[in-house]
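There are two complexes below, and they share chain A, which is joined by chain B in the first and by chain C in the second.
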Partner chain A sequence: MSGPSAQRATATLLGALLLVIPLAVAAVLFASFASAGLQRTYTLFLINLVAVLGLGAFSGNSGILSFGHVAFIGLGAYASAILTLPLATKASALPHLPTLLAGLEWGLPAAFVASLVLVAVFGLAVGLPIMRMGGAAAVIATLGLLLIVHGILIGATDFTRGANAFLGVPRLTNIWTALGVAVLALLVVRWFRDSAAGRQLRASREDETAAKAIGVDVLRRRLVAWTLSATIAAASGVLLAHFLGAFSPSKFYFDDTLTLLTMLIVGGMTTVSGAFFGAIVVTLTIEVLRRVESGVDVFGWETPELFGLTQAGLCVLILIVMYRRPAGMFARLELGEAWIRGWLGRAGGTPVAAASTPVAADVAPGLLRADGITKNFAGLRALDAVDLSLAPGEIVGLIGPNGSGKTTLVNVISGLILPDSGKVAVDGADVTDWPSFEVARAGIGRTFQNIRLFGQLSVLDNVETAALAARGTEAVPADPNARARELLARFGLLDLADRPASALDYGAQRRLEIARALALNPRYLLLDEPAAGMNPTESNELLRDLAALRAETGIGLLVIDHDMSLIMRLCDRIVVLNRGEKIAEGSAAEVQSNPAVIEAYIGRKRARQGASIPTSEGVS
Partner chain B sequence: MTRLAFSAMLAAGVSLAALGQTAFADDTLLIGAAISKTGWDAPYDSPVMDGLMLAIDEMNANGGIAGKFPVEIETRDNRSDNAQNAIVTQELVDEGVNMMIVTCDSSMVHAGAQIIVGAQIPAISTCSSSPTLPLSGDGYIFANAVTDNVQGAAQAEYAFGQGYRKAYLLRSPDIEYSQMPLYFADAFKKLGGEVVGESLYSLGQPDFSAEVTKIKELQPQPDVIVTSAFEPDFPAFIRQLRGAGVTVPLVAGDGIDSPTTFALGDAVEGVVFTSSGFAEPGSPMAAYQEKYEAKYGKPPESIMDALGYDLAKIIEAAVTQADSVEPAKIRDALANLENVQGATAEISYKGGNGTPTRPVAVIRIEDGKRVLVSRKAPDPAIVPAPNLDLNAAQ
Partner chain C sequence: MAYFLAQSGNALSLGGIYALLALGLAVVYSILGLINFAHGALMTLAGYVLVFAAVLGLPFYLSAPLAILVVMASAVLLERIAFRPVRGASGATMLLTSFAVAVLLQLAFQLFISTRPQVVPLPDFLTATVDLGSFAIGVNRVISVVVAVVVLIALNLFLKRTVLGLAMRAAADDFNVTRLMGIRANRVIATAFALSGLLAAVAAVLWIAQRSSVDPMMGLVPVLKAFIATTLGGLGSLLGAVLGGLLLGAIEIYLAAYLPDAALPFHGAITLGVVILVLVVRPQGLVGASRELGK
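For the complex of A and B:
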């Protein structure tokens, strides 16, 4: 590997080392100079850090808050403790264990691996239904998971001693085992964040619909992240069990859930650095306050005991952070991300300023067809048996008054909504009931009427994520990074590559959305009002770009717009919708003189007076 | 940023390490209290510590234990959390405490036991009645309250003495304490009684109609119902039981000795429960309660604070006996204590393997007031052995 992907891997590793090194140095210092109590505090911090990193790997990248991860911690703790419990203790404390388990006394490494595998399988199984829900329903389901697992831990008395203490677990977790696991967890979550899957998941966090439209299998990415994060949480549970030596199900319930969420939210949920520093800040706050609350000597004056100060302090901390920095102390900053890449970029010479190398124009035979599409929304007929076809190399305009069903038709074709009847076929393949990410991979790109970019991702990442999703389809871009840069260069966005997409001006956002849709190498591109809000100069540029695009790539374009001058000049063929019905189809001249079209646009009375279609109409 | 955060972390670490170092004279008894000041367990530990402090203040006013060992208490909040409890326990051990007071929740005591045993420091639980503490305490952890098995035996003696022969149990396998009826059953059978049925419940269960219906339909009706349910389960159960017209006598554990129970009125009339103590006029308990009211400006709400006073007296006796604040000597003296006069009773540890030998007060609720039925230690021959796995005892 060389070039941008190797550079990205190096940046990931260096970013992780920025966090790993202080962690390890602090461990050495604590082990050499600190009291046993402080060493324990640091060990517990490392264990909590692993849990927060695990939680962040899912919640941070997917944007779905999880209340259920403490359940995985508990399962990891109990599973491993049953395996490592000394035989004598096992016989007296857990006499009803199945014979197979009753005879086992494993070492920590074997128990560690076995517990992680077990929890990973469990996580995958419960993740299948939960990840399907998405959004708020998924959050509630994770809460349910916490309650159910808590109930199971209490109910499975033969394995767990119910709500009683599970005792006699060998205390094998020390500062070094905890450090080892924490470092590993840091490397894994940092790698996952920057991996193709991680970046696609983050794109879906910013905008799920748009992510699907560029071919991201959101469900699958979520499931991978969920299972990975459950496994990391379980690792923290194994450490905790062998740190405490005794615990009960109440340890794995709301209190710890809230502490973990506090760490994640205070630091900043979306980055590994945020989770890392959240864990540090919350731990430090707790440690300082709990020493103050039992009364300290300040220059000979003994402060009064103020128990409860710790909890109060944490609440104040959350309030301050939420008020001052709603996205967490680190907001969306990943430590070192920007300047490591900048530094690597300088060291390795300027990145290839993509000389616009167009993809060879191959006007493949084929057709995008929509036949007899009908769609009702609660009694309102949005589309009524509409036919539409689009050939590669063709530019078709789709016009009609507001509410005539244009966007609904695009949504049906791109798989976002299912039609009540009718069929969509891409080059002969029936894609009518395919999920939108598969339709995208089948070669249909699209943009949205109200721009849907991944606002917090960089301009480059917006396009590269789409190029990554295209891997595994027929149109494989050789190097997603190079492909993305090439597209940015084509749309004049390369200079802005490292800016967050949300920071672009309106016209640039429109262009970026088109560039992103093209990263999939689609054969058909559906543009929903690409010129909306553009001034005449900008829309002229767009016109030129789109015409050139067709000439170079042989792509088929379907363009919805209210800018009649743009449509009339650009399109080979125009389809007119009114109230869900196709009322006309033909060349610009044919459509302009069609009485039904004139009537639909300007009303019967004025049509009789001989008015013509306005050439530019704002979006109302 | 990293460097800044890191040096801040180090600086905090160093200054915190310094905070812990407080010099004490050699003859000061430094007691580390790893207890719950906040969280669900706090309502149990707090009154015990109130009673304890009353006695410690008395002792220090007289120059300390035996006039020469002043007492210092270093309290750390475990926030009712197992992991935090392990940390504060370790911290107190690091500070070189001479002995420890540990929390009421047996699961947390078990969790801290490894550290305490490893450091060879004697520890007493504020109010845990679990007879299994010594199993993980290995000679270093002592109970203070009357243990579940002894209460169960006292309940059996009382019930059998009343002529009851058929008992019905209501218990929850969720925690150790709510399994006390199993100890009762063991002792009751030894005496010649019989258990005719039982119902299981979950802690925090809001509705007991299924259990009540089952009891109501029993033919013949049992002579007595035995339970160690406590708030909020006990009030819910007894209301529904009496509401359904079941008048079978009920015997309960010390967990119902709270203001809530006495506010239940007719529903608890005639209910009998076992307890560590009872304030007879002119008794040490009554004298203690006067002192308590003088200090805190209100009468005690339950027996818990008196247990704290007992705890202080036990510590006083052990240190006096050892004539030293060395942990090893205190432990040996503690394990051999006999007839220490506390607020609630005379307490002995000799031969008890960490559990106290105390008389058990059997108390009946009449007109919303406590009436003493009997006050004695149950016959050792019928006291069941502590059992970590109570479900297996079935």
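For the complex of A and C:
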């Protein structure tokens, strides 16, 4: 491995070490010098850190909060407790345990692994329906999961002693076991965040629709992250069980959910460093408030017991962060990410070849066809039996007055909405009812009228994510990073590669969106108003870029725009829609002189007076 | 058969309460995208107003409307103080805010009132039963069904026949566009919270009519169920919330009535399991309010 991907891996590892080293040093210090009580506090902190890292692996990357992870912690704790309970205790405490389990008294390593496998399988099983719901409904479903598991832990008295305390669990967790698991969790979570899967998931967090349009299988990415995060949460549960020695189902319910969520969001939900610092801040807050809660001696005056002070403190912490810095105290940057990258960048140096290699210079045979597409929205006919074809190497303009159905047609072709009738085929394959990410992988790229970038990801990551998603399709980019840089160079964005996409100006955002769509190596590219908001100079540049693109790569372009000058100069063929119907098709000259087109654009009366459609909007 | 009919009465009564709560959540969610955890605290507050009104010697027919008014005002106030700073923020931000506010309110109830349940004196007629030939049903259940139906019809009329109601429905459909039409956002949002307060308080009165006590956690469980109901019905859909509430009530009651004894400890888990099965078949809920382009 060499080049950018090795560099990225090094950056990930160094970033993780920045957190691991202080963690280990602190453990040594606590173990050598601190009181037993403080050592226990630090051990508990490490256990909580594992839990919040697990939660962050899902919620941070997907943007979907989970109220259900404490359930995984609880299941991990009970599973390991049952497996390790000494036989004598087991016989008296859990007399109705199935014989298979009744005879087991495993050590911690075996129980640890078995518990994690168990919870991983359970997490995958419940994740399947929950991830399908998506968004807010999924959040509520995770809440349902917490309730279900709580109910099961109380109901399954033969295994758990019901609501009673589960006692006598061997106390096998010490500061070193907790440190080991925490370091492992840190490395895994940090690696996952920077992995192809993690970056694709983060892209979907920024914009789910756009992620699908560049070929990201959002459902699958979420499911993988969910299962991984459940497993890490279970690891924290195992540690907790053998740290506490005794617990009941009420330990794994709303109080701990509140603590865990606070840890996640105080530092910043989207980064591993955020979870790390959140765990520290919350642990300190809890330690202080707990002492005040039970009454402290202030200059001889005993404060009264303040019931619920700890919880209230956490709530206030949440509110402060939500009101003042919703992205968290440590914002969105991973610790050290920027300077490690910068340092590696200078040291390694990745010169980018200015000349881009054409992907498919010879025009491949094939055709994108939409046949008889009809779509109704609540009784309104948006598209009425529209036919459209686009060959590789061809540039087709799609024009029509506002509301004529242009964007709807692009949405149908790209798989975002299902037509009521009609068929979409790519090179002979019927893709009509394929999910949009598969349509994207089949070779159809697109941009959006209302630019949809992954705002918090860097310019480079926006494009690289798309190149990553394209792996496994026929058009395999050799190195996603190199491919992304090449595209950025082509669209004059390379200097901005490390900036967040949301910081770009309007024209640059439009160009970035095109670059991102091209990272898929599509054979057909659908551009929805690429020149909107551009000045004449910019739109002339765009015209030149698009024409050059077609000449070099043999891609087929479908261009929607209101800039008639651009459309007339760029397109080989123009399709005109009006009120959902195709009213004309032909060369620029043909449609310009077509009476139906003139009428659609400027009305019947003026059409009779021999007016022609404007060739350009505004000054040019 | 008589047993089945009696259970059906229970299912309707419980489902009606869930429907009221779910509708209150959906009115706010459809407009703001806020999943309001504090809805349960509003319910609990209604209970405490009933307790204090009884201490002051107010009769039930006065204390119940009073509770409703107080809770409506509190809901509007809650939006003004706690939720306005995060208006327009991400769903996660709003959700965490309401979660923190809900826990704070619950702690306030524990600290300033009591952790122990307080008795709510109920008029005698609520505790009577009606004989319906083969089976008897509590007056409180009958009233619960009747009130739920009346409130739902009245709300439907409000939404369909008044200008403000129309604005609410438009806002629920697409808030940004509605604002462009010149509808005042604050007015629509305040109305949404007032309505959700009304629904929470009515649901609380009906809930208490069957239990005659209130504690700081009272609102938690029914509102969690109402969350589930909104998801079951289709998050963001008002009709879905009502249907989801009724269906959840039915699932819960019939399972409790017909599950074998051995499975009864898992009643809650099985209920939610059935809900998940429904959602496996229909991920967008009963009334799929699936919005195109992830709007």
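The definition used in the following text is that the second predicted complex is superposed on the first by the 588 of 620 C-alpha atoms of A that agree within 3 Å, B and C clash if a C-alpha of one lies under 4 Å from a C-alpha of the other, contacts with A are read in each partner's own complex, and residues count from 1 in each chain.
Note that in this section contacts are C-beta pairs under 8 Å (C-beta built on N, C-alpha and C of every residue); 3 or more make two chains touch, one makes a residue touch a chain.
Being a predicted model, the structure only gives us computed values, none of them experimental.
With chain A as the common reference, chain B sits beside chain C without any clash.
Of the two partner chains, chain B is the only one touched by A:287; chain C is not.
Shared-chain residue A:157: touches chain B and chain C both.
In the superposed model, A:277 makes contact with chain B only, not with chain C. In the superposition on chain A, A:580 makes contact with neither chain B nor chain C. By the touch criterion defined above, A:422 reaches neither chain B nor chain C. In the superposition on chain A, contact of A:15 is made with neither chain B nor chain C. Touch criterion met: A:168 reaches chain B, while chain C stays clear of it.
In the superposition on chain A, A:307 makes contact with both chain B and chain C.
Between chain B and chain C, the minimal CA-CA distance in the chain A superposition rounds to 6 Å. Taken together, the two structures place residues 154, 157, 162, 307-308, 311 of chain A in contact with chain B in one case and with chain C in the other. Considering their complex, residues 18-19, 22, 25-26, 29-30, 34-38, 40-41, 44, 92-96, 154, 157, 161-165, 167-168, 171, 240, 243-248, 250-251, 255-256, 277, 280, 284, 287-288, 290-291, 293-294, 296-297, 305, 307-308, 310-311, 335 of chain A touch chain B. Chain contact summary for the complex, chain A toward chain C: residues 59, 63-65, 126, 128-130, 132-137, 139-141, 143-144, 147-149, 151-152, 154-157, 162, 207-209, 258, 261, 265, 269, 307-308, 311-312, 314-316, 318-319, 322-323, 326, 411, 416-417. Here chain C touches chain A in the complex through residues 29, 33, 35, 82, 85-86, 89-93, 95-97, 99-101, 103-104, 107, 110-111, 115, 224, 227-228, 230-231, 235, 265-269, 272-273, 275-276, 279-280, 283-285, 292-294, going by the rule given at the top.
Interface of chain B with chain A (complex): residues 1-2, 5-6, 8-10, 12-13, 16-17, 19-20, 22, 37-39, 74-77, 79-83, 86-87, 90-91, 93-94, 106-108, 110-111, 113-114, 136, 173-176, 203, 388-389, 391-392.
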